[in-house]
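In what follows, subunit A forms one complex with subunit B and a second complex with subunit C.
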Partner chain A sequence: MQRSLLAFYYGGSDTKIRARMDLIDRSGGRRTRVLTMLRRDESEGANQRLFIYFHEPSDVRGVSLLVWKYPAKDDDRWIYMPAMDLERRVSANDRQSSFVGSDFTYEDVSGRDLGDERHRLVGEGSAGGRACYQIESTPVGASSYARRVWWIDKQNYLPLKEEYYDRRGGLVRVFSADEVRSIATGSHTYPTVTKRTMKDVRTGRRTEVTFTDVKYDLGLRAADFTERSLRRPPAAWIR
Partner chain B sequence: MLKLVELATTRPKLVIAVVLLVTGLFMSQFPKVKTDTDPKHMLPATSAVRVYNDAVEEHFQLHADWIVLGIVNAKGVLNPTTLAKVARLTNAIVGLPGVVPEDVISFTTADNVLADEANLYVKPVMAEVPQTGPELAALRRALIENPLLMDRLYSRDGQATAIYIPLATNANGKIIADQIRGLLRKADDDGSGDEFHLAGDPVARDSFGAEMSKQMGIFSPIAGAIMFAALLLMFRSLVPVIACMGVSMVCVIWAMGGTIGLGIPIHIMSSMSPVFLMAISTDTVHIFNEFYFRFRETADKRRAILDSLRVVGRPLIYTDLTTAAAFASLAVGDIIPVRVFGLLVAFGTLVLLLMSFTLTPALLSLMNADRLAALTRHEDMAEGSSARWLSGLARFSLRYGKAVVAGGLLLVLVSLIGVSRIRVNNNLVQWFKPHSDIRVGDAVLNRELGGTATAYLVVQGGQPDAMQQPEVLSFIEGLQRELEKSPLVGKTTSLADVVKRVSRVMHADDPRYEVIPDSADAVAQYLLLFSMAAKPRDLNNFVDYPMQQANLWVQLKTWDAVGMQQVQQIVEQYKSRALPAGSGKTGSLSIRAAGIAYFNLVWNQAVLWGMLYGFIVSCVLVLFLMSACFRCPTLGVIAGLPLLFTILVIYGLVGFIGKDFDMPIAVLSTLSLGLATDFAVHFIDRYRQRRAEVGPEACMDSVLAWTVARPGKGIVRNAVLFALGFSAMLFAALTPYITVGLFMAAIMLLSALATLTLLPILVKAVRSRPHGRQRER
Partner chain C sequence: MGRRELRLPQLEGWLAVALLWLPRLGAAEIDLEWHPSALGIVSVRTTGLEPPGSEGGAFLRAEERLWLDATARASTMDASAHLRAELVHDSIAGTLAFDWREAFADVASGPWDFRMGRQVVTWGVGDLLFINDVFPKDWGAFFSGSPAEYLKRAVDAVRIGFSSNAVNADLLVIPFFSPDRLPSRRRFWQFDPTGGAPLPTVHPATGLANTETALRLYGQAGRFDLAGYAYRGFHHTPGARPGGAGATMFYPHLSVFGLSAQGPAWDGILSLEAGYYDSRDDEDGDDPGVPNSSWRFLTGYQIAPRDDLQLGVQYYGERMEDHGAYRRTVPAGMPSAPAYRDLLTFRVTRLHYQHTLRLSSFLAYGPVEGDLLWQPSASYAISDHLTIAGGANVFGGHNGPTFFGQFDRDDNVYSWIRYDW
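Let's look at the complex of A and B:
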């Protein structure tokens, strides 16, 4: 499980992802955003820094979000809005709140800690046509879900499917890895979920995230993840 | 038909056994009963308003059904005890089955975004119950300064807050309301002075549904018992009483059992059908009435039965077929429960017709002949006091014909004035009595907070992102200010409020920045920030994913149709004045209404006017059928006059006392179809039979007097019986039942009176003319 978390959330020591995020309602109404996410691990499986830059739609181009993630305490978040040239630190104590209005949570994007949940191997199965371990996890502290069941690929440890249940045992959200590609960087190859969907079962809404460009081990610097970079995004990585 | 009667009189026990067996079969369907009390379902699922309402709920992620729990304290709700209670109740309510837990809104679940120079804080309005003075003051300030919370979670006078509870589809509002009341009982009586009030459409609707079956359960037997006693007094023997009640039970069981057996849910409309069928089946009284007279004359039981049905049979067939056709014609309309109701009552009426020629004679032939002789001693045309009195009435109205007709016309004129004052309106909350929990709760919440009836005004742009344009948001904001001028509008909330709120928060909570920014980019970025800070639904409720449609919430302080009508007028006026021409970025703009308040308005138009229309069609059909029955259009029209007269007077009364023309009243109008013509048909047919019996030379006045006295006694018996039975409903706890009981009794008595006074005059006027005489058979 540790390996799965590492494979999914901590591939490489740093990453650059350009992604398209589609929020889709039941009748097909759609809100699309294109963003670049930079990630740098301060230490494997622990402190992480994220920098998110919005490219599209054009009216939000340049909006940037900086997240400093710590394993055992609330994230620090900063946001910058170019239209008003305003920057604010955002204190929110909820990692499980929605990520920019999508069906993913901050936690789904930036990752959970192994100790956040109690895990139990419930069996083996298959998801997306691949042999998987089936795991049931129960959150230790307060959480928006009561239980989740997930399937991780036996070979590369990537989660291929997740089901989130509420307190009454009702299915709330379903995650699926729709496309897995191996991204080669130098000597190393990182299996990566390049297309994923999170569906809210009750509202019928879903969010699809498609990675259009993924790179690992770029040698991102800690200086790229400071408040200064909100106003001046690291030009080498974000175009 | 008479063959059936012969069979019934020769093999009565066999006939009774067969009827009981079939009745048992129909009754076996009863446990499968399904009920449906949602007035929404009166319109088909494919109706434009339901389709659009569903689409709006889907686009804006809205819940169709909300219960509002109001917490009121005269000393103010911002004190540690009350707030702790709010937190505890919210926690408990979130766990109730049928509640959508993640969308319950209260102090502890609603998010607020606060700011200082450098920071934004996203946290629940009340993360922990404040204990100290400064903490309470901070909470108060946070509430007052946030227009998204004010009048929704906190009242202007500080005396009220609320918990908003969304229900899952198909959850029962009454059951959940009862569970919440259970939670409240534990919270009550602690000396804090907290009062609790429940309101919301599902509470009213489902409480009405539950109360409906209860009231039917109580008042059907009471009405039955009163009718039983009255019948016993009239006929002084159990057999006709059992026959009459038994026949109506058989009709009800066959019709209801058949409907249930077909898997059709019982709606408010069809739940009233037992009352209708009991009313229609009092028709059987005419058989007993004639039978008593005949037995007295012949002393031969079997012959008396056959003779009675020979003379009463034809009017019975006419009236029952007319009634059945009238109700069946309701099936022509679009409204499904009205269709079901029409066909159900039509079927029951046909069952009644069958029983009149089988079960009733079979039961009569089991009566003891000696006892009958004793019973019928008073049923003599010359001696009977009631018969004498009735023929006196006939002679009076014939003598003073002009005066009686003039009086009738005057009444019609006055009634027309009343009819012109009728207001078509259906207010579910007012179906409860003034001091009931539901009425009081609704009134208190409407006084303290934004209003319990919700409407949505969907502003639609011509292309995506139209709603991020500042001119569109300013247009929406302007409409809100216009709407808020109406005293019936409590609160409005829109995307403009969200944008203004974020703008203020981003500018260190400076009230000067509580405005819509000048650039579309700024709007887009504020909304992106809001989506990072708030729950997705907090934004999705106001704008759709492509940002092409925005949803303006309007909370009304009344469930009356007039509230929404006013909203629509304001929208039309404002649109013609201020609608932006539409630029390349917005496309052309339009506004469309939805939501429960709008739905009710459409429902009023569609259902009530639909019923009125169906009723008029049925009236024409009835006149036509009666003309066909009598093979004379003039007589058909005359037979219809007491019906029209009765309806006019009743609706005139409705107009004068200011009672809304609502669903129960509309239902009543159809009832008059089934009943008011019966009397006239019996009267005219028996008059013609009598005339044929005594020959054309007999004095017309005396034939008419005979008709008023003899079949007329049956009419009076029928009307009184009925009026008495339904007067029991005056004591019901729901106002529609009181209305139905009262007006039903009035319809019966009035149409009996109209038949017995006006018809002799009219028949005489028509028949005295030479061509009328020639066409007489």
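Let's look at the complex of A and C:
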């Protein structure tokens, strides 16, 4: 269990991802967000620092978010808007709120803590043509879902499929990993989900995320994830 | 209304274009990004009352803007240049003007950051309430429906930043003074002690003695962001002094010292800010043409109780020093401001349809002076390129000419549409 969590969210000690997020409504109308995300782990599986920079669309271009994630308490979050040179802290009490209007939540993007759910292995199955373990997890505290069933790849422990159910047992959201690639960096190879989809079953909406560039082990330092980088991201980060 | 003027950009604007080429110095290659946008905005007064000598009748605003946002980044050194050039057609005044909203170059080296040129600077932790943010504002734009960023005017400055693990610093040196842009008398009803005749206004002459400097020291203590501020410069709204035929408007000297803190509390974010305004030209408080020194503070709390719903509340207070001296020297017939005045603000924001529809309501009410501002607004992103918005500015106040109350007859509704390529 811990291995899956680690592979999906904490692959490598740091990572830089350029992603395109397509929000598709029921009638096929498409809105696109392009962002760069940098992540650094403080120590394996514990604290994390995230930096997100938006390239598209126009009204959020240059907006950056800084998140300091802690396992047991609320995140510290800051937002910077360059048009007004405005930097402020953002309330972060709800990790299950939608991430920039998509069908993914903040929690989906930055990772759920092991202790937030009770887990049990319910068997084996397959997803995307790969042999998987099937796990059922129930959130411990208040949550937007009652339980989720997910399938992790037996070989690389990446979650390939997830189903979220509400209190009445209805299916709410479905996650699928559409493409998995092995990203090689120096001496390590990290299996990475490079294309993923989250469908909102009730509204017929879905969000497709494609990683157009992934890099690991860049040697990012904790000191890089501060207000200075929020206001003036280093050129190497946002290229 | 037929005269067309084309105001040419200032010298520093052309300097900024030159700065856009700065990364070429020593850089192997440059990434250049540019994005044009267009905006049309109209604001109409709903009270049916037009100020004397009004320029636009019921229209407070009717404007088309075309602008270009360009950024050049060097690949081998950490340097970049950014400019935002705007062409504005004011349909009411019949003018076509070209302006640089932003034009600056950034260079970073070790713990140092430099930004030179025309730039927007925002400090402090208030939501539309400014204590340690001593940088110029455009109140006319703000009261007639402009997109939020137009409340802040850019400054022509050199900004030097220093970062370390303990304390960070931000120093601003502004050699060219820019005052607040107040709502035009020919568009807005407002309190006008001069009875309509515009008075000559003297700006601080550009020079070393008149260069504004502002310093911010900031860091973290626990989970709170703390900052200390110091400013030496001028008030950004004019005072008056005897001169010529009657009086002359001028910008009195000002120093501001303050502190702020922002961090998590309960389930939301708590903000605190305080500042002392030292009106250096009137230390005794007995000059009627110059504001008295004052103490200001604000506390704010912001929370997101549900997905896509944000709430914010603030309380602001301002205490005038030497109020007795002020009362004794207020000219006959002029209103007398109280020793203490305050503001309570409420903001509600809701997001719908994958964050494409944004509904917001900002209400500011002054319990002591009884004046009020309400700004409901809605914006909708029709696509990734096209956005429409609309809203209103509602002013109220019974107790004489207060900051919001003086615009009571200027209640307006506005709408704008923006296209981004």
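Rule of thumb we're sticking to: the second predicted complex is superposed on the first by the 237 of 239 C-alpha atoms of A that agree within 3 Å, B and C clash if a C-alpha of one lies under 4 Å from a C-alpha of the other, contacts with A are read in each partner's own complex, and residues count from 1 in each chain.
In this text, a residue touches a chain if its C-beta (ideal position, glycine included) is under 8 Å from a C-beta of that chain, and two chains touch if they have at least 3 such contacts.
Worth saying up front: this structure is predicted, and the values here are computed from it rather than measured.
*Asks:* If subunit A is used to align the two complexes, do subunit B and subunit C fit next to each other or clash?
*Replies:* Aligned on subunit A, subunit B and subunit C clash with each other.
*Asks:* Which partner does A:79 contact after superposing on A: first (subunit B), second (subunit C), both, neither?
*Replies:* In the superposition, A:79 contacts subunit B only.
*Asks:* Look at A:27 in the shared chain and tell me whether it touches subunit B only, subunit C only, both, or neither; answer first, second, both or neither.
*Replies:* first
*Asks:* Under the stated touch criterion, which partner chain does A:166 make contact with: subunit B (first), subunit C (second), both, or neither?
*Replies:* The first partner, subunit B, only.
*Asks:* Just to be sure I read the superposition right, which of the two partners does A:187 touch: subunit B = first, subunit C = second, or both, or neither?
*Replies:* After superposing on A, A:187 lies clear of both subunit B and subunit C.
*Asks:* Which holds for A:59: it touches subunit B only (first), subunit C only (second), both, or neither?
*Replies:* In the superposition, A:59 contacts both subunit B and subunit C.
*Asks:* Using the superposition on A, tell me which residues of subunit A are in contact with subunit B and, in the other complex, with subunit C.
*Replies:* After superposing on chain A, subunit A residues 23, 25, 31, 57, 59, 81, 83-84, 86, 88-94, 97-98, 100-102, 144, 205 contact both subunit B and subunit C.
*Asks:* Give every residue of subunit C touching subunit A within the complex, in rising order.
*Replies:* Residue positions touching the partner: 31, 35, 37, 69, 73-75, 78-80, 106, 108, 113, 119-122, 125, 148-149, 151-152, 161, 163, 165, 168, 218, 223, 225, 262-264, 267-269, 302-304, 306-308, 310, 351, 353-356, 381, 383-385, 387, 420.
*Asks:* Which residues of subunit B touch subunit A once you look at their complex with the stated criterion?
*Replies:* 55, 58-59, 61, 95, 97, 100-102, 115, 118-123, 465, 468, 506-507, 517, 519-526, 528-529, 531-533, 535-536, 539-540, 544-548
*Asks:* Would you mind writing out the residues of subunit A in touch with subunit B in their complex?
*Replies:* Where subunit A meets subunit B, its residues are 23-27, 29-31, 54, 57, 59-60, 63, 65, 79, 81-84, 86, 88-94, 97-103, 144, 166-168, 202-205.
*Asks:* Residues of subunit A touching subunit C in their complex?
*Replies:* Its residues touching subunit C are 23, 25, 31-32, 56-59, 61, 74, 76, 81, 83-94, 96-98, 100-102, 144, 205, 223, 226-228, 232, 234-235, 239.
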